[in-house]
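One chain, subunit A, appears in both complexes that follow, with subunit B as partner in the first and subunit C in the second.
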Partner chain A sequence: MQQKIFLKRSTRKTIWFYIFILPSILGFLAFVVYPVGRSLYLSFTDMQLTRPDEMKWVGLKNYLALFSGKDPFFWQALKNTFIYAVCNIVGTLALGLLSAMLLNVRVKGQNIFRTIFYVPSLLPAVATAIMFRWVFDPTNGIINTILRAIGISNPPIWLEGASTALLTLIIISLYAFGGKMIIFLTGLNGINRSYYEAAEIDGAGYWYKFVKITLPLLSPIIFYNTIMGTIGALQVFTEGFVVSGAGPGNSTLFYVLRLYNLAYQEPYRLGQASAMAWVLFVIIGAITAVYFIFSKYFVFYENEGK
Partner chain B sequence: MEENIVIEENTVQAQEDLSKMDRNQKAKKRSKWNKIIAYIVLIVCSCIMILPLLILLCTSLKPYEELVENPTAIFPKQITFEAFATVFNENPYFVYLSNTVFITVVNVIACCFTSAFVAYGFVRFRVKGSGFIFGAFLSGMLIPGQVLTIPMFEVYKSLGWINTFFPFIVPCWFGGGIFNVFLQRQFIRGIPSSLFEAAEIDGCNEMEIFFRIVMRLVAPVMITIAIFTFMNSWNDLYGPLLYLEDPDLWTLAKGIYMIYKAEMGQMGSSGGSILPWNIISAANVFAIIPIIVLYFIAQRFFIEGISTTGLKE
Partner chain C sequence: MKKRLFLVLLCLVFAFGALSGCRGLTKGFGGGKEENTNEISVLIDNKDKTFFEAMIKEFEEEHAPYTVNAIWTAGDDIQSTQAQKIATGTAPDVIVGGDMYTEVYRRNLYDLTELIERDAEEVAIDDIVPGIMENLKDSEGRTVFMPRFFNISLLYYNKALFDADKDALLKAGITPAPEGTPEDKLHYPHENWTIEDYFKAGGVLTKSKNDVYSQWGSSTVGGWWGEWLIHLRQAGSDFMNDEGYVTFNTDEAKAAMQIWFDKAYGNEELGRPKISVAPGQADLGGFQSGKTAMEYGGHTASWARFDQIEGLEWGVTVLPTGLERRDGAEFSIEGYGIYKESKNVEGAWEFIKFMTGTEGIQKGVDAGFLAIRESAYESIEDAEKKEKTALAMEAIDPNGKYGTYAMTLPKYEYFSELANGIAEKWISLIIANDSSRVSIDEACSRIEKECNDYIELNYK
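On to the complex of A and B.
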């Protein structure tokens, strides 16, 4: 007790600092550092959880098996996931931006429209997935009922066709664009109106104002949401798992779905699954790095140089 | 001569005024048309967004016979709560609900509390290297969850935590998510440090400052964090798929998935008949309603929350 009083102020500060951040340090070690190291190690082994004692070091075998084409599911899953991710990111950002600009025309009832567009993005992914399974039902679903009513006698069979299932999942995923819309609305509100007024005096049209003012000023938001969206979309799971169960014919087999089947079904092939997880990690890291390299050409920060 | 020039100048001025007025009127007309087009597009899009939810609700209110007889009709001829009764009678629905509420509440409390705790440490004590530590924590956000989940699954399995709630309610106490710490840190930075210093002079130690001053001021950001933590826990399917096999422990997300899966399986065996979509829909409606209610209660915070989380630069 006595000693504490004589501790130097800076030492006391340091001690308090570590007391306060202790939960995060422990959490970081237990739930980030350890699993990262452990999964990297596991990826070089043939670990199966049902017989952990027989675990052997296999070197690069898991990785080679993925890339050599021995695992046909890997490339299929990677391809599906990339198509899904690109369409999902571009689609949700475009719909978000368009709807935000529409609402920004200062229409009456803005609040109602905002609610209608935003709430679907909050609903549990399982629930919307199951709901759309019924909506896209080939014989009795509302979509095909409407299509037949307007004279299309042979509408697509959506989730049950190998060529349309992935497209259908992408359409379903666009239903949750509302979060992006809210973000863009906030961004649009933050743009100083005098920029537009100045451009209008110079006789600028809509397209010019959009390209030269709106897009550059929103580019930091677009950039950040593209990165986080990529990380999320490449890990898509629920839609494929619930709605289509990877089928038909693996046309909606996603990367994480394949990984899930490897890791969490008997015999729990944690080694192979870890290799898959690390490949995904490297892919995400590489894409993020590319974004950052190119960001200086596309992303504009208003306060730069001030 | 001079008069002439003045007159000429005046006419030029007048002409300019005229053309300006003309332009203004044109602009007004144009903006009126813009609004009309905006309304049409917005209304059409709203209908598209509402349609699936309307179908879901209507289907859940139909009796099964009607579904079989006329599966493509939107509105039910007679409204019945039969499907809801079936969901409740055949499944421990309230067990799912209370499990979900339990996990969610623990997560919300833990995330709100510990993120504020850690964030206060980062703001109050500018110790050498604290910026680096924070950066290291933040970098964890870029790691795909799969890399982390596989070893944790192994750990939880060896600890005997499968079929317990521990995998859901333990991790949140350790920092409560680094992004939440980030949000709290931004907020606490805005609190004048003279407040902390005054409390220090009055004899408060750091714990007392945290509990008596900081915790009372961070309410706005707490609500944001609470909402997003709530949503994550409530909607999570992946965790319950991995860790909860015992039906008495299922959450709503896993519950409605299993109800759907069971009906699908039955259809496979009976062959060709129409799925009892009224029952599946009824189960879904119950998982969706709490979220919608929450949105209308806390609308402002939903909007503010996603704005702050999505605008991070």
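On to the complex of A and C.
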């Protein structure tokens, strides 16, 4: 006769809990933790994809090589990426906030406008990138056609000019500000109307209300958007890879694009590419830490009453 | 307690990841599947799918029980995909490569020398166009690839555009055509042309009105070494010296880069008109559009495509003599090798023999590839195609009419990285059409310094 095993309700719940999260945990271990550990190891080796048998431990050589000043790709990629990141973060924050404030005004068709502004953020990055390659084509693109029509006979050559290509990619990147806009909208909706009403009774104007009420109460959202934007912008890849191919003259060579080229193009130096990945990790970590350290001076949490 | 357990688990997996950098485990992942020693894997450019599917079907019928696992890949991704497969222990049995890859895939390739000797009759090395086999040996003298196709830089021209300006071309002071040239071909490019003839003709054939160009004298190949390296070599120099360092800060290199610049902007002092597109200008669709009179260098893989374009009557000749010499045309060979750890060396070798043997090459020629075997050349029936093929074959023969005209790329494993990465950056800035333009002197100096610093840092 079979004996039934009775488990306590809480134990059964625990077992089910682990069964349900197991796929996620396994995926996390296999596709995140394991590759991260492996890339750390590889960053201390001279691993080349075409010669895995000859891989040997080289200690800090890959890291020292990056900072030796003799690798023109590394510094150019770092510079391009930082310029891009700063402009992208400031630009998308400003556009996101501005559009959120405009779309927060109660007008007829408000939701339609919100959708229209948000839709570009949903488009695949590659499709958007290819579309903008045509838009900014120096001879047949719509931008230069308009510029010529209004009398500018020598318009910029955008992606074909080493001095304008990075700027063009920055402009393209601003197109997807909708994600930040939605988060700002949520934040704006969360601000208690009574603050504004009280300020209006005291005679506060629009600008004063914006600076003294809106911005402080939105500061946690701005902080969040800044951190997420920084992490995303420093990992920019698609625009450089699809739109400009890192050119002209490596003027749009981004850090992750260089990392990719180093690992998956000749000479396939996976070891050094892994070192680059870890350097980027440290850079992002350091910047995020700085944000958090300084956040106490400019981030206002309503419930803290500061 | 649970948190601690989870943390320990995370650390264990992390450590596992780190330690698995050891080769044994990497191999283990790739070698886990059950091996089928009758299956031959190879990466194939999916743009040639029709041709290869037919060839594979025929191979499998004739060589049972062997089967081919064709890994269809975009042409530009073949080398990176192949490298990744080698690294992960899933290397294909047949490695796609060629002259430049003899060093890139150093020690990953099986020495074919004995197999070639063993099956000498089938392989028929003597049937292969002279100048090819020597370039498929690695630095230790081992033959590691069998050839399937080759490219040699040539000068392509649009006959209709040349005909339309026949009188102007003949009056432009171009070096006369060799004796015996038919009257109706006197104005076409020919083997006695110099680089200055190329400029003169290009000037006649470049058409514009109010700075809007409707026809270009010549196309320009940017983004890789295909064109500037020829100018450099023809100026009497080369990109790399025998010690493996870059030589670019030289008078020869500067003169070569002047040609590169003058194509896009002209040079009154040297009497060179603008003949080609500059950044920011429309290229009008290149040579195949029928609006560009010449293509400098080009690629023999384009022949089949050119032939399919209705109304494009094209001719081809050797490149004009450069500043010092004619030698310097880029010569590259695509071939097949065998992965050194392949479990199916015999099968892979059968496939290679099938694809690169007399019949395989013959079928390739029928499909539009260039003949690398004399027998395939002899079988060409179309007189014009035969004449063009003969020119390409003669151009690569070091003992032929044009001597050492054809030069393979430097076999240093880092050539591509330096030429496409560092050199190309500065060379593109020479012809920049905005404030980023740099002088030729600065570009040459920076190329040499940055490349050699990079070599010292990573390879010496």
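Here is the rule we use: the second predicted complex is superposed on the first by the 278 of 306 C-alpha atoms of A that agree within 3 Å, B and C clash if a C-alpha of one lies under 4 Å from a C-alpha of the other, contacts with A are read in each partner's own complex, and residues count from 1 in each chain.
Quick note on the criterion: a residue touches a chain if its C-beta (ideal position, glycine included) is under 8 Å from a C-beta of that chain, and two chains touch if they have at least 3 such contacts.
The structure presented is a predicted model; accordingly, all values stated were derived computationally and were not measured.
Once the two complexes are overlaid on the shared chain, A:Tyr297 sits clear of subunit B and of subunit C alike.
Of the two partner chains, subunit B is the only one touched by A:Phe281; subunit C is not.
Once the two complexes are overlaid on the shared chain, A:Arg38 sits against subunit B and subunit C alike.
In the superposition on chain A, A:Phe117 makes contact with subunit B only, while subunit C stays out of contact range.
After overlaying the two complexes on the shared chain, residue contacts for A:Val126 are found with subunit B alone; subunit C is out of touch. Put simply, more of the residues of subunit A are touched by B, taking subunit B and subunit C as the two choices.
Of the two partner chains placed by superposition, subunit B and subunit C are both touched by A:Asn140. With both structures placed on the common chain, the touch criterion links A:Trp207 to neither subunit B nor subunit C. Judged by the touch definition given at the top, the superposed model places A:Leu49 against both subunit B and subunit C.
When both complexes are overlaid on chain A, the residue A:Val256 reaches subunit B alone and has no touch with subunit C. In the three-chain superposition model, subunit A touches both subunit B and subunit C at residues 34-36, 38-39, 42, 49, 139-140, 264, 270. Touching subunit A in their complex are the following residues of subunit B: 34-35, 38-39, 41-42, 45-46, 49-53, 55-56, 59, 71-72, 74, 114, 117-118, 120-122, 124-125, 127, 130, 133, 136-137, 140, 142-154, 157, 171, 173-176, 178, 181, 206, 210, 231, 234-235, 237-238, 241-242, 252-253, 256-257, 260, 274, 277, 280-281, 284, 287-288, 291-292, 295, 299, 302-303, 306-307, 310-313.
The touching residues of subunit A, when paired with subunit C in their complex, are 29, 33-42, 45, 47, 49-55, 65, 68, 70-73, 138-140, 156-157, 160-164, 245, 247-251, 261, 264-270, 272.
For subunit A in complex with subunit B, the residues that touch the partner chain are 13-14, 16-21, 23-28, 30-32, 34-36, 38-39, 42, 49, 99, 102-103, 105, 107, 113-120, 122-128, 130-135, 139-140, 142, 145, 175, 179-180, 182-183, 185-187, 220-221, 224-225, 231, 234-235, 237-238, 241-242, 256, 259, 263-264, 270, 273-274, 276-278, 280-281, 284-285, 288, 301. By the touch criterion stated above, subunit C contacts subunit A in their complex at residues 9-10, 13-21, 23, 26, 79-80, 83-84, 86-87, 89, 104-108, 223, 279-282, 413-414, 416-417, 421-422, 425-426, 428-429, 432-436, 450, 453-454, 456-458.
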